[in-house]
C-alpha cells in the first residue's frame, strides 16, 4: 500500500531522524524531561493541538516518589539553557513534565450522536541513568549525537518514541479532514521507574478513551521488520526500600550492647527470597541492593535494602508485598531494631485487548514493511503503560501495547544500545493508519 | 594418717561397694528415684537420723517440669516390686523423691551459745536415660550388676555418690560423740536435667547451713588419686523448648496458603546461634533438637526445637534468654505463625568459696590417698548444685564442689562409663574428715 | 443413550460396589498391593485376558525406592491370610505388585494390515498411610467396610479405580465381538509416592499404545455429574531426602569441637526455599520434614530433611533439583559436615493430548449422566501417570487424564474421605464407550 | 618526689604542648605520616640519636595492606608543603613512615660484660579518618589548633603520644650520663588499622629488647590521675574483606539465569555470626559493612562485606578465621558465585609481663601525680602493640602496656575527642623514670 500516508511519512522522515538525534544528545531521566516536554508542547501548540500540561496533566499528589525542589530548579535552568521554552518550562513546576495534546476532528457526526470516538496514543520520554559508551564504533559517537549529559542516556529508545509522536502529530494534522472524533497524543515522563503513568491516569489522561495504543521499539521484537501486535502477562510490580535502624556498639568490647541492623537486613533478605511461591501464577521477589555499616569493628546501626516484587496478577503481587511488609517488621524485631518500608513505585499487571490486537494485525498486514507479524507474546516484565491500559479497559475501552522490531547492536539498558532509525518511519505509518482505522469519517 | 576414721571406712567398704552395685542394677532417672530414695531413707531412719522427705523436702510447685501422675504411679509400683519400702514410697507422692537427714550432735555448746554449726553434704541419686553397653568386657556386665532397666543407666556415677552418702551416714553415727552441731545429708533427685536442686532449696534444704559440700566422681579429675578441691566458672544455664504453629497447605497446588512453621523454626535457630557474644564473659547457645513436618508435599504446620543458653554469670545467661525469647516471637511472626516458649530447667552460675577450698585442700593434704591435689578448676559447664551453693553463700555460709578422681574406661554419659570403686573409700574418708574439721567438739 | 452398554454396567454395579468395599476394608500402601493385585489378576485370568505380571510387568531395577525383603515377606503372608491366591502372590516377588492384562479382539483386520490399534487404560491400586476415621457418621464405619489395617486407608479413591477396572474387564469381554485390535488394562502400584508408573513404563506397559486413558475420582471434579476430559500443567516433581553428618560436642565445654549438622540443615532449608523463581514457568520447592539432634546440650551430629521440587516443565524441575543438589553440598561445607542426597521419586510434567480430549468430550456428551463437562483444567499438581502419558505421546500415540466428579464429605488424603459410589457406574460406562470408540470393528 | 627529672619535664612542658597542638592541626592517617615522622626524625637526629628509618625500619613486604604510589606521592608533596624535611620525606618512600632512634649510653659496663640492656618505648603517630567537630566549645576549635585536613583527626591521642616521645628524647639526652645500655624510641605508623607494628617488628625494631614500654592516653584510665600499669586479655584480631562475584540477570524475565552475589553475602554473614563459641575463651565476629547490587530489578552480580574476628588467644582467633574462610567459600558455592577473601590486618593477643607491671607500679607509687594506680585491667580489645610485646616476651624480655588517665569531653574515636594536656607532663616523667630504673648505671 503506497498511498498518501506513506508519502507523507517518508517526507518528514529526515526531520524526525534529526529530532531523535537531538533528543538523544540531551537525555533527561524521569521527572527531569523539561526540555523534551517543552519541545513537544511547543510543536503541538504550533500544530493547533489543544495541550494539557503541568499540574493539569500530572496529579502531583498521586506520585509515589517526588523529586526535590532544588534539583527541579537546577534542571529547569539547564533545560532553558539548552533551548527549552522558558514559559512552558515554568508551567511544569517541580517535575510535572507530562502532557497530552488533543486534535478534535471535523468528521460529520450524524445528528443526535456523539461527535466520535476518542483515540489515544502514548509516548514515553525519559532517559536512563547510564553512562553512554564512547567507543568510536558506537553510532551516536560516530555520528556526533552521543549524550552530552554524563550519566544519562537514551538506552531504551524513548528518544525514538518521542520523535515518532511528534512526527505523527504532523501527519495527523494533514489527515484531519478525513477523521472524526478526537486523537490524543500522550507524552509521558518517568516510565523507567514505573512512576509516570499513574499520576497522569489520575489526572484524567485516558478518561473516555475508546482505543489506546502504546508502542515500544525493540524488546521482544528483535529485528527490523518484526511486529508484535499485543502483549499478555504484564507482571504487576512494586518497588520499595526498607531502612533498618539499630544501635552501634564496639564489636570487641561490648557487642551485646549493639542492635545489629545489618543482621536484621540479612534475615529480611533471606526470608523474603524464600516467600512461598503462589499456586495461581508467576511471582517474583528481588532484593537488588543492600548497604549497611561503617567499619569492621562497629556493630552496624544502619542498613538499607532496595527491592521489588512482581506477580502475574495484581493479587499475586499484593500477596508478595504483604509478605515483604510483615517480614520487614519481623526481621527488625528479630534484632531489636526498627524498620521503615517505603514503596517507590507500583504497576498493575494486565494484557492487551484481543479485539484491538486483531485491528493492529489487520492494519499491519496491509502494509509492506513488516516481514514477521506476531499477534501477542507473553511479556513477563513490567511497564507502567498498564496503569493506562487497565483504566481504559475497566471503562469499556480497548488498549494494546505494540512492539516494533528494530535491529540493534546491544541490548536495552546497556551502554551501547542503539536502534535502526528506519523503524521510526514504519512506526509512524502504522500509528497513522491505526488512527485512520479508528476514526475514519463515514464516506 | 591411719587412724580410726580410716579404719571404719575400710571396714564398711565392701558393704558400700555391694550397695553401689545394687543401685547400678536398678537405675532410676530424674523424679523416678523411688527405690533409691526409699533405701536411703530406711537406712538413715534406722541409724537414728531425723529424715525430712516427700512434700516437706521438695516444694512441688517450684518444679519447672513435672512428671505425669500415671507414670509416677507405674514407677512406684515398679520400685516396690524391686524391694522399696511401700510406706516410704507412698510418702514421695508424684515424683517428690528428694530427702534430707539430720544428725544432731551432742558436743557441748557453751552456755548461751547456739548449739553449733550446721554442715550439709549433697548426694545426687538419678540415672541417665541411656542404654548400658552389653559388651562382655564392660565391668558391670562381667560382674553381673549391669542395668536391669532398659534405657536407663548410671553413666555419671550417681550410684557411687548415693552409696558414699549412705556409708558416710554410718561413719558419722560412730563419730557423733566427738562432734557438736548438726550434720545434714541431702539426697537429691533429678540432677541430670538440672531440675532437682531448686525445689529442694525452696523447701529449705540448705537454710541455715554454714558449710555445704558437694562431691562428684570424675569429671575434670581424670584419674584415681586426683582431687580438685573447688570449682569456679559454673555456667548459668537455661533449657527450653519452643513450639511453632502455622498452617498446612499443599506444596504444589496452593503453597501460598501455608504458614510455614518449619521455616519459622529454621530462622529462629539461625538467628539464635548468631546472638551477639557478650563482652563481659562466656556465653553459649545451642539448639540441640529440631523436629518439624510430616510429608514432602505439605507446607509444615508444626515445628519444635529444644535448646539451651549458658552464661558465665546469671546476668549473661539472662541476656541470652532475653534474646532467645524475642527471637522466637520474631521468627514466628516472620512466617505468620505462633510460638510458645517453655523453660524446662534453669541453673544459676557460681563458684566455690575460697575459704572452704582452703579447708578441703588442708584436710586432703593430711590424707595419704591423693597423689595430685588441685585447688580449683574453671568448670565451664553447669550443675544444679549452684542453686544450693548460691543460697548458702548469699546467707553468709560457705560452699564448695569437690571433684574426686577415678580411673574410668569411657567418658561420662556414654554407654561404657564405669569408675574405680576404690574412690568410694577415699571419698567417704575425705567427707568424714571434713565434717570432723567443721564440727569438732571443743576438747 | 440407553443401550446395551449401559444395561451391562448397571447389571454388574452391585458387584462392583461390593468389590470396592472389600478393597476399602483391606487397603495396601505402595509396593504392598499383593492382595489387591492377586484379586485383579485372578479375575482377569478367569475372564480370558492375557496377564503380564511380576518381574515382567515391573522392571525391578528401575525403581527409585525398593521395599525391604523382610517387609515384603510379611506382607505376602498377610495377603494370603486375607484370601489372596498364594501362587499369584509368589510371582510378585519383593514388591513387584503391578500387572497388565490384554484382551485381543477378533474384529476383521483387512488383509495385510496390522490387526488393529492398542488401547490402554490405567488403574492405580495403592492406599494411603493414614488412620481412617472411626466416627459413626463416616460411611465406611456405618456400613462396616472401614479399613482393617491400622495406619492404612484408601483416602484417594484407588479402591474405586481398581474396582472400576475389574468391572470394565467384564464389560469389555462381552463387547469383544464388536471390537478389533487390543485392549490393555494396567493395574499400577505405588502411585501415591510417584514410584509405580516409571518401572512399569520401563517394562513396556505402554509400548505401542495408540490411545491411553487414565481416570481419577474427584480431585478438581468436585461433584457427582462433573467431568473434566483432560488436564494440562502436570507439574514435574522430584522428592528427595538429605542426610547431614557432622560431629557431636558438648555445647557448654567445647562447642568449637562440634560440626553442627542441624545448622547445616537449617541453612540448606533456608537457601533452598530462596532458590530463584524461573522465568519460563511455575516452580515449587518444599522442605516438608526436618529431624535433627538428640539433646539440648549436645551440638547435633545428625540431621535429615525431606523435600520436593516441582516445575511446570521437566526442565524447570531439573533446574530446581540442580540448585537443591549444589546447595545441599554447600550447606554441609558451611558447617564442616558431609551430606548425602537421595532421590526418592521422580515424575515428569505433561499434558493431555488435545485430540483425545476431543474424543472424551464427544463421547461424554452423548451420555446422560454428566451435567457439567469441562474440556481441560490446569492440574498444577503431580501424578506419575505422566510417565506413561509422555511415553505414549513421544511414540506418536495420544493420552489423556480424565477427572470423574463425585460428591465427597471430606478432601482427598484426609481421614474422612469417601466418595459417591454411583460414580463407579458412570465411570465404567464412559471407559467402555471410549474403548468402543477407539476399537470399533468396521461394520 | 620532686627532683631534677620532674624539673626538666616541667621545663619543656610548654614546648611539648605546642608541639602536640601542631601535630593535632596536621593529622596524618596510617601510612601517610610523612610530616609527623619527618619532624620526629629531624628532632632525634638533632639530639644525636642514631635514627633507623624508611625501608630499614618498616619491612615493606611484611605489610598486609599497601598504599598506592600515586597517593603516597601526593601525600609527600603535601607534607613538604606543610614544612616537612624533603630529604627525610624522600627516604620514607611509599608509606614507609616508621622509624626508631637509639641513644647509646656511656654507663660503665664491667669488663667482659655486654654494654648494658636495651630498653624500648613505642609511640604511635597516625590519626583517624574522621571529621573533627567544629563546635566552638571544642577546645581545638576554641584554641585554634583544630585539624586542617578535612576527614582526618587525632581522635585517639596519638598526637599526644608522639609529642611525649619527642619530649622524652630531650629529657633522656640530659639523663644520659647516669645511664648505661641503650634506649630506643620507636615511632610507629598505622596503628589504627593494626597494620604498622608487624612490619616494624619484621624489620627488627624490638630485636634484643630487654624491656619494652607502650603507653596510651585514656582508654580504660578514664580520669587525670589514673594509671593502669599493665593489661591482660588483649584480643587477637583479624580484619578482612570478602568479594562475592555472581552473574546479573533481569529479575522479572529470567531470574533463574542470575547467580545472586547478594544472597551469597547474606548467607555468609548469617552463618559467620553463628560460628560456634569457643570453650577456651572469648571470641568475636562482626561483619561491619555490606554493599551489594545496583538496581531493584537486577539479580545482584557483586557483593562485598568487611568484617573482623577476635579471640582472647591467637589460637581462638585462628579458629574464627578458619571458620570464616571455609564459610565464605561455602556461601559462594551456595549461590553459584565465586568469592575472594583478603585479610587486611592481623594482631595477636597477649598480656603484659607481670614483673614489668611490678616495676611500673613501684615507680609510679614514688611519684606524686597519680591518685589511683591499678596494676592491670582486662583489655578485651585489640592493639597492634601485641606484635612488639609478644616478640620481646618470646625472646626472654619483658613488656607492658600502660594506660595513662586523662579527663576527656568525649570518647575515643568521636568527633569531639580531646584530652587533658597535663597528662603529657606526668607521662613524660613516668617514662623517664622507667628508663632510669631500667638502665641506671651502677653508682
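By written order: A, B, C and D. Residues from 1 in each chain.
The criterion applied here is as follows: a contact is a pair of C-beta atoms (placed from the backbone, for glycine too) under 8 Å apart; a residue touches a chain by one contact, two chains touch by 3 or more.
Source: prediction; values computed, not measured.
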item: Taking each chain's C-alpha mean as its centre, the one farthest from chain C; value: D
item: A-B compared against B-C, more contacting pairs; value: B-C
item: Rounded Å distance, chain A centre to chain B centre (Cα mean); value: 72
item: Rounded Å distance, chain B centre to chain C centre (Cα mean); value: 55
item: Residue list for chain D, restricted to those that touch at least two other chains; value: 250, 252-253, 255, 263, 267, 270-271, 273-274, 276-277, 279, 284, 299, 380
item: Contact set on chain D toward chain C in their complex; value: 250, 252-258, 260, 263, 267, 270-271, 274, 276-280, 299, 319, 326-327, 329-331, 333-336
item: Touching residues on chain C, where the partner in the complex is chain B; value: 235, 237, 239-240, 250-253, 255, 262-263, 265-267, 269-270, 273, 284, 286-300, 303, 306-308, 310, 344, 380-382
item: Partner chain B, residues of chain D touching it in the complex; value: 270-271, 273-274, 276-277, 279, 281-285, 380
